[in-house]
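The first chain written gets the first letter, and so on, giving A, B, C, D and E; residue counts start at 1 in each chain.
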């Protein structure tokens, strides 16, 4: 392969000319789009155009020179594109803040058939403003991080192209003013996820992981589609604003069979796929096959939260279908606990984080399910900060360990990777919910509302707290095994701190993990500290309040807060003891509960169940269908008919025996008969 | 004259090509390509002059052919056939150029066949006289027969015979039905006519629940012909064989255009001619279409041969179109029409790419592949794009069509919708699995041991693929550019389905009156 | 006053037609009964001649020249047919050293 | 009844006379040929019997008549005997259709108390409107004589000769017929009398609507209109008559004597008569089509008749008879010339090879003849257009 | 009252039919061919009796002169002798063949008997002079039937090529030796 590889390095003149031409064309396209916005509408349209087209431009620029190995150039362009988007996001968010409402624009009509009129229309309201800030902000940081991370890769240009494409699609998802444009982004991010997970496609397992992600997502997407149809046939529109308005007009429906409930359930299927909830979460841990920054961006901070975002986006609709919300809450809570429990036993640093993500997403859905959409968005944001931080941190570790991901072969990295360790520590504190770190505020709001909301239940709260304890335990375990204690690093590996392009994002994210939660200080505390709940104000008007939410006693809230924090604290202390002080204990416990341990360690055999009981039988059945229905039944039937015809033919062909005089006789007889008929 | 020009120019050029000595392969290819481009240019003129505000037939040409039987040379175009015509003229140059690599022997015969085939296909999309339609419909079999039979693979004779007999059987039924309709016209109006427009005016007796009544029988006679051509589920087995044995250009033209003749027939004949029967039996066709979607996808998943996989994916995709058409609402019908174009573009592109792979490694067995993306990155990218179109990822053309079809289906029944949606999942499954096994993973047996370095796409091959890729995105991004032309026609078809009438564009009516066959017959 | 026999014997169109019919039937018999390809070809010529007689007779009795034109065409076709038929006969003879019509059975698929 | 019987009698008499003329001409031609060849080859030839060997003819006739009749073993009797007759008859029939002079117009006269006439006797066996077509048709039957002879003799030489002969005849018949088409286009008729009538007087034709008239001595002969056709026709007639340089059927070196190898005596003589008959017919046609037939250059028939009427004191019948005789003599002179050319060529040119013969016929003469037709047609179209 | 023309017709008809019968009964193909030639000539005579002089001439040239000569040549070339069983075998089929031919003749005869009297009862009109008739023939042929004429021309060309191709022998006198 050496020669072919060499061959590929050199760009042929055709490629070069093509790349340059397309670069010019694309630049013209970008400028044209911006110009269009400036000329036709206003600065808003132009901002939207730049926001969307900058990553697309980055994608095309890098994509057309995908053979390039120049990580610096590719990365810079990509990062700049993301940063341009970020600036636009800020501008738009400010506009939204100033307007106290949505800012919209429409580029063109996409599909106009019958009653269906879908425009390529985009809107920023308070929900999406937050979302684009997170996505472009974190996205920019991760792009920056990637420059260093991918510097030794074979195809950095392709990588950045995919990353920019992802950003573009994510923005479509967020900004689309109707379900279909959201669906475009929805599938688009899935596609990018597929491409990025399978980025190192030469490894069969990584390619398989990408495929698995895509197909699992597809199942969810199918549900999403059905949801779109249902909504369209209820409301005659796919526009978010109109749907929400009409849902509000109709009011809540009871029972399970109502069209809105059905629509919500269909949409929730979509959300479980995209946001890795039970039963479609299986792809996310496998998705760790992709480059680590990708895991940070897509599989922690942004894409996987799309389901939550979608539900929040449609919160009036979901509120009109309380039964659907119950399903969301239960699925969320159960996922939170299940995933956390699996996280306890994983040895792969990224897998731990992956299950952690699933678990945290469960919290967000729990929040949605109890009607606390603001809390869900809040946790979404803080989670984006600290989980991105931790993934990038793990990326830094993996980079330092030359690609090693098994935490059993780490330990004591604190010294070698001080910045990484420091920032990771902040993330750890955030995720286990230590006040005043970001995670504390958001998670606590969820737990409180799950208890307190009329849509909630104490059982949900209990699950949430249990999950929090598990979270604290496995995160501490991760910290302990990776950074603390004695070194188990194999010989020949010399961990070293990453370059600034990687550490700077870490630091920024670390800071955000600390302060990110302060915009949503709960009333119970904030009242005392005179700190307002910024976020709640921000969402006023965009997110409906929980219907029938009674004022609660501050004492109860603080008490519950104390319970959860202390349980988490205890849990992490226990983990510290287990994995730093008395390292023999985990083995003993595992031996004691062998069966349970195996169950958890093997992720409850869900993958095995899916493959063994659904996919393999389906493939086998397809083989049989082919062999028996197609080949044996239909073709045999055809042959039988053919044989019949041939039989008739073989009888009839005795007439045509090649004896021309007999033919002539037939002719004569025929002519005679004709004459007879004429004369008759 | 425009339609006649579009229809018969390829035939004329075929004659021209036939006059070039067979040894001058380059000249033949160049002339063939140029001529198909000229025809494409003409069809663009048609597009530019097309009046999208009316559902009436446009550019009508009508000359008596057999005046005694009311058979006329009757061409016309409306929003339903317009895009199929353009699809045909668009794909032909692509195929022509694409064939440079795969057709090395008997170049002249191939290009003559291709051009004759183009005439036949265009004729069947443009013919508004049932007999004329039948003639073109059948004529299209002949060049295809040669294409598979001469330039095909090892079992080509088996495949051609199967293909030919299957299709022939169905169309014979259709011929009988056409003759019946001509007589029916004679019985009610007093003169023979084979004009489809006149057929629309007939009221054919229908009895619900019974099989033996004229409309139901005629309905099934037509439906059988088109169902085989499409092909619909239990009648599909000729397709994989034909595709596997056909040379690449043959596959492209077969999947790209010829299958559309079946679905077009449903739209032009079956639905409007037999409204009651079509409504009554719609469940059956939706049912079979759904089975086709799922069954085609499942069987595609386990195919060991790339081309066969794509062929079965065609079965699945065509199932969508059938379901969409028989949903009988504006979404389903629009989606169905759009999906015809999509399938032409995407599956055509897929077959071309498979052909390009085959030209390099001379095998289509999936298990022998792997890691092809590393050896042939450009091809892999194109293949991935086309795959995305085939599995209907948004912003590609496939999404628009499939979305509309699913929506139409969902409107008919939620259950239908749910079943149809599974096709979306399975479609992704088999295509991506195939992509994974062929392009990803470690280098496979064939990729490693070809004995010569695999060459990535040549400029010619990129030129072949470029228009298809552009179209994939264009159709996905701006479906309105295309649907605007068909909208009025489809809405007319759906809304007045119980009493569908097609008129001739009034501005051209004077011409028609002058050459109407009846006045000829009266002499 | 011509008698009945004379009336019947007086040559009219019918006489030519009957002559032609008989001649044609002779040709038919030749085609049906003979084995030799060449004789069969000759019998066909016989039939064509019979037809020519009919044409000319009708032409004469209806005062229409078109019949003679037809005869030209028939003669041309006859010449062509003889040429190809004989060529085939030559081939058959080369192969089988005999020109029995039955050898043409080998031509069936 | 009376008219029929009279006509039949007259026709039979005419046919007999013409047949006898042909038969009588043959010994003379044989003598000429022998003497002529001797002259050409610088030897004496038959000069013993009678003056200039003229009586040699009689001697030969006697020898032919009294030779032994014999039938080769295995010969097919009927064919063997029928063949010479078949060789003789077409020539005679063809000759009978050729006008040998202007018609004799007999004014009404009284004889045996009955009133006869007026009659018009044509110097021709019988008049057929489509004369040339008939002649071609009849002479094409000549092939049967050869074939029957070849087959009936049960001899390989004969058979080969016969096959060659008939193939040659069929081949050259095409060129023959086509070469005539050109001149027929010019005349616009098949009728010999009309053709000859058109060739009387000085050369005159229309050229783009203008009438062009040549000097009085230049006759209005077909050869000036269609020289290529004339050459082709002449060449084809050589082949048709199986004369050198086209005498492949009786090529002595290869086939002994071709189809008449097995013949002797009177039957042999009949073949000779057939062959010379062919020559006579061909010469006559050449004269009629290209050289004014019985017309005298510079002296059209009408003028001749007028001069005779003026110069003698004969009645109209006598004038007509005299005119006919003079014209006939003119034809005879031309015939003699052409026949001499036949003989001259025979003793001058060598024989073709068989494939050369076929090539010449199919690949040279046929295209030339076709081109001649086309060119003539175009020329006529142009010339007659105004 | 029978005239000369009538006797001529009967004579020619007799010759024609005898010739025809002889063609199909002669055991030796060469006699068949010669008899056929005779039939052709007498058919030409029939044409003459119908005032179709030109066609008669063409009949002589084409049929008697060329086509039949070709037949005779081929037969001679093959050296076909008297055939021991010249007729195809099979009692049943033979009977069937004879019967069908008989039926055929009967039907045609019957139709002639039934129809011709009524259709062509009036005595034939005299055609113009033969020369004019030939011109009329040419006019019809080259105006009304010009297309057919051209088609026939093309057909002849095709046939000529086909016959040459069929009977071409590899390595004949004109083959290139190398």
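Here is the rule we use: a residue touches a chain if its C-beta (ideal position, glycine included) is under 8 Å from a C-beta of that chain, and two chains touch if they have at least 3 such contacts.
Not measured: the values here are computed from a predicted model.
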{"item": "Both-way neighbours, i.e. chains that touch subunit D and touch subunit A", "value": "E"}
{"item": "Path length in steps (a step moves to a chain that is touched) from subunit A to subunit E", "value": "1"}
{"item": "A-C or D-E - the one linked by more C-beta pairs in contact", "value": "D-E"}
{"item": "Greatest separation from subunit E - chain, by CA centre", "value": "A"}
{"item": "Chain located farthest away, centre of subunit B as origin (C-alpha)", "value": "D"}
{"item": "Middle chain, criterion being Cα centroid separation", "value": "B"}
{"item": "Between subunit B and subunit C, centroid-to-centroid distance (C-alpha), Å", "value": "53"}
{"item": "Distance between chain centroids, defined by C-alpha means - subunit A, subunit C (Å)", "value": "89"}
{"item": "Whole-Å gap between the CA centroids of subunit A and subunit B", "value": "37"}
{"item": "Cα-centroid distance, subunit B relative to subunit D, in whole angstrom", "value": "74"}
{"item": "Contacts with two or more other chains, residues of subunit E listed in rising order", "value": "54, 58-59, 66, 70, 77, 88, 97, 100-101, 104, 108"}
{"item": "Overlap residues in subunit A, where contacts from two or more other chains coincide", "value": "661, 665, 668"}
{"item": "Subunit B residues counted as touching two or more neighbouring chains", "value": "none"}
{"item": "Touching pairs among all chains present in the structure", "value": "A-B, A-C, A-E, C-E, D-E"}
{"item": "Residues of subunit E touching subunit D in the complex", "value": "3-4, 30, 34, 37, 41, 44, 53-54, 56-61, 64-66, 69-70, 72-73, 76-77, 129-131, 134, 173-174"}
{"item": "Touch list for subunit D against partner subunit E, complex", "value": "4, 79, 128-130, 133-134, 136-138, 140-141, 143-144, 147-148, 150-151, 159, 162-163, 166-167, 169-170, 173, 177, 189-191, 194, 355"}
{"item": "Residues of subunit E touching subunit A in the complex", "value": "88, 93, 96-97, 100-101, 103-104, 107-108, 110-111, 114"}
{"item": "Subunit E-facing residues of subunit C, complex", "value": "2, 6, 9-19, 21-30, 32-36, 38-39, 41-43, 45-46, 49, 52-53, 56-57, 59-63, 65-66, 68-69, 71-73, 75-80, 82-84, 86-91, 93, 99, 101-102"}
{"item": "In the complex with subunit E, residue positions of subunit A that touch it", "value": "661-662, 665, 668-669, 671-672, 675-676, 678-679"}
